[in-house]
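Chain nomenclature is as follows: A, B, C and D, assigned in order of appearance, with residue numbering initiated at 1 for each chain independently.
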């Protein structure tokens, strides 16, 4: 264990913090950075080393993982004035686990390549709980020869590491999955709500859907109707889980990606609008399955 | 076997014909009727008895199954000038396997009750193949005490007979399932199409969705992208399966039902419009998974 | 004036009451009926004659106007146990100003014709204010030869009486207009909201739209953004005007009509869903231009 | 006239070419550039001067107008290796008439300001015909003090020059107008199609809409139904006018802008999807009012 070389970690937020700690647990010396001093402080107190900028991290570590909230943050961390690329070493492996526009991933990859380093996009599926438990799923895009090197690190934080293809396909896979997830979740909420209003018992209806062609993850594993399943956000007033704002963000990425590739996504587009409206109607911090609650509210004159 | 009393069967179309024949195979003497003489002729040639009207069927049989294309047909067959109710016997069991508006089922049920008979709605899931093989799924609504009597007949034609609740809930369950099915199918088509345009291999993307939260029947059992699965309509130029016009019809029922109960179904409603447009763009007779083909067509200046 | 024969009026609600009173003002003896005794009482106190049932009205008057809230009410008033048709005189002129499904208008028309009387559908545009002021717009469907006779009465209550074609086309014209109105109103709200968020002054943006191809009644006559125009509901906290529930009702009719004629109405269908959701989110009694307020609400974490 | 200083013009496409020629007609010496040599050749043959790059144009002229097809083109022309900013003179006035993302306009404006020059966005409304006739409408964003200087040039090419506010608001106004236009056009097509199927005469229906609250530019000035109006694309097989691909492009900009500002635009978003689908179904080069034809196609089994 003693001989492990340092791993850089940039972005110590709700997700990044437990991810970086899992690297530490696996014996990797971690050199970290976050734009918020408090996030750095907390991490430092747990025994890790904290740098002053992404550039400084790149000076110390030739394997770096970034976990950032949005495309502009990622661009800044890589290509900004004190960005990774200012001091990156040749041959470094840079892995971005942020969920961002795959076109931006490709641009960053080009800039990284020019410096003689390697870039992979590796967005995650699974929330804070999975980050803590170290069982995230990583969807990885980049040069296939580097996948094993990336996997070595990612398996410390996730139980599932999938190679998706060239740079940007990790983002693509995540965006496509989440768009379909949003669509099936709203569809499940609509179908359950309509069935209940037509006199069906919710548990019975869920059972029927799950043995029929309407079956989906949202109906059989994460049912949005309170009382149908245990241990899911709908059983706990839609607390925890995957927040409505995060789903709205991912659908926004799907929308932009679809617009730029001229791909028709009528339901994905409407799903985006619905989650956007929910954000403004008090559902921002609830789990995204709360769309059932949003749709079931009744007219009240 | 010799002592079985006759069973009436009205509606000998693509679905009704093989269903009625399965009753015959199980030893039930069938007395049948269809508004099209050719349909009657074909059935008579196979050894069954054919009547001149629904009323005549009701005179001969105290258990009757109806399988009709739409709400107005069902109303006519039950309450029309030569309808079942003209000669129905007290205590008769009338089972309607048509897919119609549950509100219409309830109206028919009331009229049937007034005559001292029993009505159940029992729409099916599964197509012509399942009708022939006798493994349809029946979703049954009506008085629970009569369910066993209905089940005795329905198990001759289906492998799955589910009690859903009071009259109309069989229709409700079918409509809700098919609405969710349409939504997930279009969603799967959108997600697969977007992923492919973003550089993902279709089989790999399907595999990723199926192990993630985007998983649904349309992605893991009936994938709409040619080349991803064997033995599904997408592998056979979208022939066979469940036709786009039939899906559009069921979505129309969902729409009317939702409108009448003031239930918001934004995605169900848009799914209806998409299948409606597909019907007019040459997809009417293709399997409903052809929505992938409809969406993938590229701009061609 | 003395020689005018009585005119029947059935349905003395918010709209019917002032309409009937305008007939009285024009010198017509009115014999009226409403299912609610209080509505009858109020009308009787103003000097008119009140009957016990639609049938009794038909016995006394050979010209009858009906103004009812929904299709089932209209069916009941015409063909129910004490309905108009029980005692209608041959040659009577029956005018229905309710907004209902044109297919129902046609069915009623058939039943009326069988009794040797004439039926016309004549839904109105304009609200309670226009009903009081006698400047409603009537869209009239029915046999053209009878149009003049209908117009004689309708001009007492409206300033605009338009002949649309055969029975049902009055309803069709109203439904189509209101569907387009809902679409343009939501579109105007979306465009104004987006423009404001992009830094445009609302008054200037409205001015630009109104001199450009985005111009519509909702932008130039009934702008939904507070502060842009005087004397419209948006200037008065969306009070008065045309209620969101009424718009949702008309869009429901458009939806059912489109479904039954297999007509694709993607935007009309989504507009319906939006007004349906608004009804459940506290906007039911606000003017339908409040969709601007519904859409502008901001995320508030 | 003799003393007029040269004006630069970059982008000599279908729109730019006649716009630049109108500047020449008004006595301005024009120095031009286009990435396509043929476009330059044609322009040179008409007596104007052609440069080798945007930078060279900037060296010769301190007032420059750019008319480019998309955001990346605009970025390249301004900030690229041979871009305007390489040789721009202090105090120059740079006017971009391209239709692009207002966020990109703002970024370009910042880069221009750093060089001590002035940037304004001034997208146009009106097509090739209006460009030739010199009666385009310009929507202008930028510092108000510079508006008069811009207007002097723009009035040579347009009959309407509107000041909208700070940089980016010209784009914003155009995008909002066109989004509302697309929505009303589709809405008009849906309403006309539904009305026709319900038995209304198209001309009569248009007349009713135009005197009612459904009235809009698409119904009263540019009606999409063949036979209703003369001199519009619908009277000429949807040739000429504003192409479906162009509308799809503008709706894509609206979509991206709305996503980035978290503004819900449900109808705008669905309108985008509909024009996107039309592009792939053979309507790419037809006028955008052809959505009527797209929606009216009937099921044909």
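Keep this in mind: a residue touches a chain if its C-beta (ideal position, glycine included) is under 8 Å from a C-beta of that chain, and two chains touch if they have at least 3 such contacts.
A quick map from chain label to UniProt name: A, B, C, D = 3-hydroxyisobutyrate dehydrogenase.
All of these numbers come straight from a predicted model, not from anything done at the bench.
Steps from chain B to chain D, minimised over paths through touching chains, total 1.
When each chain is reduced to the average of its Cα atoms, C sits farthest from chain A.
More C-beta pairs touch across one of C-D and A-D than the other; that pair is C-D.
Separating the centre of chain A from that of chain D, both taken as means of CA atoms, is a distance of 38 Å.
The geometric centre of chain C is 40 Å away from that of chain D, both derived from CA atoms.
For chain B, residues touching at least two other chains, in rising order: 262-266, 270, 277, 279-280, 295, 298-299.
Across the complex, chain D meets chain A through its residues 248, 252, 255-256, 259-260, 262-266, 269-270, 272-273, 276-277, 279-280. Residue ranges of chain C in contact with chain D, taken from their complex: 102, 125, 137, 139, 160, 162, 164-166, 168-169, 172-173, 175-181, 183-184, 186-188, 190-195, 197-201, 204-205, 208-209, 211-219, 221-222, 254, 257-258, 261-268, 270-271, 274, 295, 299. Residues 245, 270, 277, 279-282, 284-285, 295, 297-301 of chain C are the ones that touch chain A when the two sit in their complex.
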